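Some structures are shown below for you to check.
Shared between the two complexes below is chain A, which pairs with chain B and chain C, respectively.
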Partner chain A sequence: MSTTARRVSLLVGLPSLFFLAFFLAPMTVVALASLTDASGNLTFVNYARILLDQYHWDVLWVTFRIGAITTIACVLIGYPLAWYLVRIVDWRPWRRVCVILLIVPLFTSNIVRSFGWMVLLGRNGLVNDSLQTLGLIERPIRFIGIELGIVIGLVYILLPFIVLAVGNSVADVDPSLEQASADLGARPATTFWTVTFPLCLPGLMAGAVMVFMLAVSAYVTPALLSGGRITVFSMLIFQQYSSVFDFNYGGALSITMLVLTLVLVATAGRVGATKGA
Partner chain B sequence: MTAPLLNITKLSKHFGRQAALSDVNLEVEQGEFIALLGPSGCGKTTLLRCIAGFLKPDSGSIRITGEDVTRLPPYLRPLNTVFQNYALFPHMSVEDNVAYGPRRRGATKKDALSQAADALELVGLSGFAGRFPRQLSGGQQQRVALARAIVNRPKLLLLDEPLSALDLKLRKRVQIELKHLQEKLGIAFVFVTHDQEEALTMADRVVVMSGGRIEQVGRGEDIYRAPATRFVADFIGEANLLPCSILPDGSLMTSVGALSVRPKLRPKGDNLVAVLRPEQVSLLPDGAMEGLSTVPAVVEDVIHVGSHVMVNARVGDTVITSRVSGQLPAQVVKGARLHVGFRPDDLHLIGD
Partner chain C sequence: MITLLIRIVSLAALLYLVLPLVVIVGSSLTNTSFLAFPPQGLTLTWFGKVITDASYVSSFVTSTVLAAFATAVAILFAVPSALAIARYNFPGKRALSAILMSPLILPHVVLGAALLQYGTAIGLTRNFLALLVGHIVIITPFVLRAVLPQLTEEQKSLEEASADLGGRPVTTFFLVTFPQIRSGILSGAIFAFISSWINVELSIFNTTAELTTIPVKLFNYVQYTIDPTIAAVSAVTILVAALVIIILDFTLGLDVLSERR
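After this line comes the complex of A and B, so read on.
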């Protein structure tokens, strides 16, 4: 074998090996576990337990609903924010500060940030106190223990992802395309909806998919902000692995979640693609 | 008296402290083909973008058929633009790109598409309606950009170096096609280019710009024969520039010696320049010739350029270039002593 051929096979082989070791292998272990019983025999009983039980479907529905609402909220808040950063701010230092403010929270733990929201959103938290002082509400609003609290926490944590994804795609839109649109008689709003927005759509979709995946698989934030009243799917998985030690059933829960998420994302992508074209 | 199609008065634009346009005045008539010509950074593109409405001038006004459009946004101006990079919408098919303008002006989808089909036929791209811009060659994209602009039947079309991305052969062909199309449609074109040959080939009038100012406006041949400034003389074609002054007796003192020429035109200023085109300079191996002013010279370089030969001859501190088409006399070799001659009438004087 020549040195060139060896180098090429190394270049191709190492990344493949990395993927095998760190992504495929653990997934295979989980998948195999989900298809066996405690004594190692092949069985579908774990899946039957999940799919035939209405409780699991209820939890899935709650999980995906929280994921969807979080994604929509992230898009609605993140798109204008990204637009502001890329198009409105023309003083570079301020843009840099904004980007840093956006990214710095990612360096701290989810646990800390979710606890922060527990404090802020609690009965006597800053939010309720302020609203009461301002006279906008008479009694404290309940945030913790309802889906709204979880959504607030998740939106806060996941917003940077969509802002960065959208920001990049907005920055990539060639200004001469918008000028051409104006030149052809389109008012700014028309130009936005017929030219700019469609061209940003791939970035927006990528950001939305990422947010949705992270939202439905989040554990810490829902666990802390649910106040023990709401169960999302990742909590069921966590229970099986950490408390019940049933790795087979836990594995089946994980795979079910994974497959359903991928199906949902693929369907959304298909729908988005046909609409966009 | 009807107002000119485009009337630009005292237009100025600064970028920071840099003056991109200063005191630009220009009139364009209906159906005229105008080329804005100049080196990069001369302000020609800035002027075009001001006319299109993408840039706001600091002062001055732009009128289209008498109406002041200086403060109007681009979408309210009765003109269209062909962009340098074509700026085709990548997410729309060719026909949707072309139908975009008619749609914005309120045409039904069906009407807009039929207008688009007509425009595409006009530029010879009928079979390409359903393609996407990325599936087309550069030349085809350029035609789509043109169709997308002319489908709106504007009175004025702005073109920002639309041919610069095409290869030489194709560019030559498109120049002719574009000129024919312009005559056929009767739309006034304002065409930005840095290629003087392109400007001289296509335009009815050429506007030569430098440093944010208009140096000269005129027909291509007039600009070539009688450049108004030193810059124009140097920029358009090749030129021998001979510093000179007019002696008290009315004759001319040049850097190649006194000439018994009495110039008809006397520009202002003391530091004059005489312009002599290389093809106006004859090489005279046998000395003087009837009707020509001659000076002795030494051949410095003989450069063969395919269709013709450029000969550099030194006269004192000055090098005079002569363009010889056809057979080069055998005596003209490097180091040869001979005379260079020119018709006194060919000397064009420029003031400061």
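After this line comes the complex of A and C, so read on.
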């Protein structure tokens, strides 16, 4: 064995074995289980049960719709916020405070953050109280149990990701390019849309893809803010593994979700790549 | 005009980011036996209840010990892997780095379910080791992702110089490489630790009534009742997070979003 080969196997041997045993093997087991029935015969019945049933399509549609709305809202709020932090704030201590405010939620569990929204969005919560005081609504809105409640919670949880991704790409834009555009007579809006924005697009796309992935696979936030009235796909998976114990059907659900998200993300990545080029 | 609009959106967004946390900390101080915000009266009773309740204390301990062990193993896995990926060419290198990074994009519910099913088959479920194994898988990529960009080509020449001068690989690593990647290891380790500490989706499959982490305990509780005690537990986790971040800001500097000129 050459020196290189010996060193490489020394360095990556243990991590490779570990990931083989506790990552690849479990995923393979799920994939195999999804293709077999309870007695171990090869079958597509688990997938047929999902794909031929309107209920599953409805759940998928709800899940992906919530994911898409969450992603759009994150982009619309996150882009201005990132721009504000990088380009507009000129007092450093305030930016430090803002960055801390942005990161503290990231360091707090989804439970705690969703719990905060359960309190805020409740029948007598701060949001309903304020809306009533302002005279905007007469009776309290039931936020817990409608998609809007889940979206509010998910956007809240995922916003820091997109702000960090966009903020880093805005910070990386070379100001001399914008300078050059202005010197050549372009108005600020033209410079933004033809120079700055395209340069930030890869960061924006990366952030948006990440938000979408996390939104469609989220379990905790929808579980807490759905009030048991809305079902998203991850809840179906959780049910199978925590109470029903049908690993074959559960495995098919897992693989379906995995494949669908990966396909959508790959498509988004491709669209982003062609647009950015 | 547009700048004004951006300012308004941004300040509203920042308010949106702090509001739930303020509400939890605020309502944990209420004098009432139900959750109230703004709090009615101020008391630390609920915090007292939490720290004298052995089940909360033990879940705090479980979470912390679990995160510490998982982070330590993640560093021991990620740093050598990063070195191999950055410094050597070997067959399967791309596959290896793809596999080590993929837990970042894999839904945690799917991975948790997979580990439960696999664990059932090999007899590794609902104990500390089962939790640890899953946490190592999901947090190793955080360290790897933080360390890899720091293993640059310039640094490679320093390492070669060290080797030319007779430094053995181990000596070179500790005297030349390690000081350069220390900050990457640290920031990766912090993110890894936190990700483990706040995880629910993976842990929930392998916890029991006796062995549970604090986020899972909170989750199981919040689904049925919400009261000031649970707000106090949540407030503790928020205050710890805020403290960690402020310390990081003063030591490492978190000025991540300033313009680079």
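Definition applied: the second predicted complex is superposed on the first by the 256 of 277 C-alpha atoms of A that agree within 3 Å, B and C clash if a C-alpha of one lies under 4 Å from a C-alpha of the other, contacts with A are read in each partner's own complex, and residues count from 1 in each chain.
The rule we apply is simple: a contact is a pair of C-beta atoms (placed from the backbone, for glycine too) under 8 Å apart; a residue touches a chain by one contact, two chains touch by 3 or more.
Owing to the predicted nature of the structure, the values given are computational and were not obtained by experimental measurement.
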Partner chain in contact with A:S16 - chain B first, chain C second, else both or neither: second
More chain A residues in contact - chain B or chain C: C
Chain B versus chain C as contact partner of A:T190, first or second or both or neither: first
Partner chain(s) touched by A:I137 [first = chain B, second = chain C, both, neither]: neither
First, second, both or neither for A:Q179, with chain B first and chain C second: first
Contacts of A:A48 with chain B and chain C, given as first, second, both or neither: neither
First (chain B), second (chain C), both or neither touched by A:A82: second
Which superposed partner A:L199 touches (first chain B, second chain C, both, neither): first
Interface residues, chain A side, partner chain C - complex: 4-5, 7-8, 10-12, 14-16, 18-19, 22-27, 29-30, 33, 77-78, 80-88, 92, 95-96, 98-120, 125-126, 156, 159-160, 164, 167-168, 171-172, 175, 213, 216-217, 219-220, 223-224, 234, 237-238, 240-242, 247, 250-251, 254, 257-258, 261, 265
Residues on chain C engaged by chain A in the complex (per definition of touch): 3, 5-7, 9-10, 13-14, 16-21, 23-24, 27, 35, 37, 76-78, 80-81, 83-84, 88-90, 96, 99-100, 102-103, 105-119, 121, 133-134, 136-137, 140, 169, 194, 197-201, 204-205, 215, 218-219, 222-223, 226, 230-231, 234, 237-238, 241-242, 244-246, 249, 254-261
Residues of chain B that touch chain A when the two form their complex: 52-54, 73-75, 79-81, 83, 85, 87-91, 100-101, 104-105, 148, 152
For the chain A and chain B complex, residues of the former touching the latter: 174, 176-177, 179-187, 190, 194-195, 198-199, 276
